[in-house]
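Read the structure below first, then the notes.
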């Protein structure tokens, strides 16, 4: 049935969108920094996975944690060396800074990896239920995305660092007085943001062709998902991702693929104006 | 003082076609064009402190309205005027909606506007040519004449934007916008009609962009959605204003001039790395010239270079103070 | 002779180019309630911030329990045993009262002792027990102040430093808080208090330091200072 | 030039989105220049004239492409220009060239909209899209007699859109039923919705255009979502090695049309190489891999420019333009004959198919080296 | 004499929380009225309702005979309804003088910017900040920031002034100066509503006291009546205060 296929496409895609957006949302919500590097982080994760797979033949799922950790380290260092110094400055400053850093990273990637699209060609096949198809790699990607989301949610709720991140999000000075090392928490948060991007990149390398041309597209999706779902919230990113996946899927089918993205952006603008906190506003430990 | 300097600078730019070739003239056009864009941005981003990234939307719409009017048979000058008015009206309508957003939300909203206008223009193929882009009637005359003419027009736009800046700066409008920048609630409380003031600033920031876009379209003779609504443009322009000193009178002009020349230089000399080098300049700018070139205080510069040890603390306390 | 737990000497500090503290010297004895009073902008808050490590001193020493802590980070100071209840309460919005209190124990690893301390705080401020699961910042000002103090206690400090205990609080709440402070002090916790309402401060504290433009101008037993005509005129409006 | 050097200028996208294409242009021109220089330059009026190539990176930024074209003409004083990759940027450069009355050979722009502006100095080595789509429709109808339903899906960008539009028109004219005909916006990340819609229209033939990354994903999603159309055409997908590399087995059976394929064999040609095989040999020797149409067309563009200079007997811009307009030659890339609008006309363009690891030519019969297979 | 500002059955809900419910009272021209009540009673919310920061959930606000229930804050300011913020709201990077000029230029009668500065300087001298006129507002200490707030609202030449805890954080002696200031302002004919937890302030200047509790007006009378009201003692003042007050007479 078409309807099921469309909804299923939307949900699977939505989970992947959520995965793109979570790290971005977290960094935005906690550090109050719009991280323009996020798209490049995802692509970098994708390239690292691709090349590691290409040269060693190791299964990408096994590579995922390593890629994610590498990105964590990169994010941690960037925050520690650069962004922390201006983290309290106005939006324009932090946004411009991350934009500048992104230009550097992007340039490095185009020089070392070129813009050639790369894809991990595992081709795991597809499951079919009557007329409805579910590609296994996407299913796997969705599962990984959900697992990562759940893990991050648990970390935010249950762990010490999760509590510290939330406290810092609310009030950095008060957090410092609780004995929380604010700048370290920032670096870790940014690192987690990059880690999630790296993991998303690893998943994407299995499903989508990876090319530097896509950094802007990924960043755009992250924006939209965050605003739809609500900033800084893990469940928000999940809901936002699913919502966007479904919208694009349904709109692409009914009014045509040419306008599907426009619909997503319009919905985001609409929500921005009527409900800036997104579908799920941040509350407490999330 | 800075007014005299700007006048002298404008005259110097205007003399370039007399003394140099078309390539230099083209750079001068870029300088004038980006100066006008940065000055426009300054109304909303500098005076009012709203992190607007809508420049490319206004510019792109200006391109398209100008191009379509010209294709409909209007003379170029009329097409430019229509583009200016059209973009200003668009900004007024849009401003009423998105200026309710603050901070990051406004930033996002303004970027989204660029994307949405781009997407709409490109999917409305029957009128705009969609992804095919549009050809704009070429201006008649030899290349030298055309280039000089475009330069004078761009300089006129830049001059207009600068005059508007000076007037606004000295008027109630400018004062009110600065109040909004500092503390919008308080501005409201002392009787500033913040909605109207912000819309005025937003319209000012759009108007010159629309005009510049329309002139640009006539100049290049071909436009398409990707180039007209470029995200790079929308970020570059605020960076130029910041580089010179956002909120100052001449800062955007200084920033645009320096940026265009630097870009030109790196790009000619470091082919493969020009983007990274630009990135490095931006990073450098944020750290060492937070107030822009016009506000450098060399004493602080040295301090910055050596400090940052106790970042953990300074962050937290300044935040505390911000909350009163 | 009582044993001093906190000794400050020649302390100078400020914000950027602005120096606020010029020469602060004072000591707090183990187990007492001491207070710092002074007019607006004298530097009381700055002093507390310097003690808790939010500001790095320019000169001078802060010795806590025999160890130099001047220049240490806030987490290090807290680990040593000084908790700071900041001006304006600064509770974490969106978190419940209980979560706020638990954040006070962020650096502690002794889970069961934390439980006990939580029970202690909830017994001390029964209203908090009632509101355990309410968003802390939706409570009334006085309740929030209790929560902030409770949060300070949760780190199990040896010295509790409180800024502007009564600012913006209804008179009845101020009264309740004063009683609570005396009760906490009774468990052996040393308290250093900053308070504008000198009458209330002297009711609670046994010793006081008067700060004027970044220097300690007078100090002594509150019972004595309370009778000093200079203090009475300058700070009590009598 | 007055100084007796032929200066050819080109803005190239060496960084940014089109970097890979730009680098192909750069590489093949370098190969060409080495060859020409080894011969001591070109012969004009009985004298040897050295050739110089000047190019700059425009970062895939259209504004810059125009700016650079102007710099090349006025600052570097080039005699003739070659255009960068793609119809969009060619348009921008063409406007500048026209203004300066400098001959411009566009080697990778095929949309008629580039050439219909009445420009006098613009010439293109690629042939009109319609020629390509019409022959393709005819060929497939012949190979698959039951062919009736075709789905067209293209990127909303100058060239892919032009191809999609042309194919839909050609198919309609040939009596096929166009059951799906949509464009997707630049920035589309995923094709599930469109592929599902195509699937429910159950076409016999799917024709998709776009950038290589789009095509790879599109092909993969067609397989994932259980599409079983016997013919899948992707433009320009298989013409590029990245396409087959990125897809692996899924590339098998995908057809495409291209302006040139190295399996064609033209001999007794003018220019730096005397036959297609000659060019192929040199190319493989230098770069290892196979050349694609971008390489072929760009090298041929340089050849016709030289030919025009030789015919004109000087580097005078007007004379070269007139010589270009009158061009009717055979190059290793095939015949080149610029029509009234400046486009190369009257060529038969190959249809290719991925078979196993290799690219096979199906059409025209004269150069075909395989039979078409249907995708199961 | 009719009230210059009158609230009729004013209510405000935030989501499910009712912050102000069914409050009615009037301020007579030239009066100084104190508004007290426990933390969270709804005092600040009430000021926000009167000045258009929040929209009314129910009821009416009448100012000089005109229903202003749906006004925007800037309209309130231009009408002559000025307020100070409990959490001070300066324009931090402007000078103290510019801060106050903003009040004069936008909210007051002053024509141009120059005239506004003149008026501003006068108000600064009046509140005792004349000597720091050219300092940036961010360098002021909290009480001075509160005074800056006061000067800013005075520059708006208000007919009604709503003071939300302008004296919090002052010690007893500093309060005495503040009281004089309030009386001088009142001497200009300005009607004042003063919110304060410092009973010394409220009791010395108010001609009338209103008590808010859980959003409801529970008392409205002379300071003496109110302070002796058992419900007010229970809800707000506390037994100890009542005792001290009795002793002090």
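A few comments on the model shown:
Letters A, B, C, D and E name the chains as they come in the text, with residue numbers starting at 1 for each one.
Keep this in mind: a residue touches a chain if its C-beta (ideal position, glycine included) is under 8 Å from a C-beta of that chain, and two chains touch if they have at least 3 such contacts.
Chain-to-protein mapping (UniProt): A, B = Branched-chain amino acid ABC transporter permease; C, E = ABC transporter ATP-binding protein.
Quantities reported herein were computed from a predicted structural model and do not represent experimental measurements.
Separation of chain A from chain B in touch steps, taking the shortest path, is 1.
Under the touch definition stated at the top, chain A and chain E share these contacting partners: B, C.
Farthest from chain C, judged by the mean position of CA atoms in each chain, is D. Distance between chain A and chain D, defined via averaged C-alpha coordinates, is recorded as 37 Å.
Averaged Cα coordinates give chain C a centre that lies 77 Å from the centre of chain D. Per-chain Cα centroids separate chain C from chain E by 30 Å.
Shown for chain E are the residues that touch two or more other chains, namely 142. Residue positions of chain A with contacts to 2 or more other chains are 107, 110, 173, 175-176, 181, 216, 220, 258-259, 261-262.
Counting partners per residue, chain D has 15, 156, 183, 185, 187 as the residues that reach two or more other chains. By the touch rule above, chain D contacts chain B in their complex via residues 14-15, 56-57, 59, 61-63, 66-67, 70-71, 73-75, 88, 91-92, 94-96, 98-100, 111, 113, 117, 155-158, 160-162, 183, 185-187.
Those residues of chain A whose C-beta lies close enough to touch chain C in the complex are 160, 163-164, 166-167, 170-171, 173-181, 282-285. If you check the complex, the residues on chain E that touch chain B are 51, 53, 72-74, 77-78, 82-83, 85, 87-94, 101-103, 105-108, 112-113, 138, 142, 145, 152, 156. Those residues of chain D that touch chain A in the complex are listed here as 15-20, 23, 153, 156, 182-185, 187-194, 196-197, 199-200, 211-213, 216-217, 220-221, 223-226, 242, 246-250.
The residues of chain B lying in touch with chain A in their complex are 45, 49, 51, 97-98, 100-101, 103-105, 107-109, 111-113, 115-116, 119-120, 123, 231, 235, 238-239, 242, 246, 272-276, 278-283, 285-287, 290, 308, 311-313, 315-320, 322.
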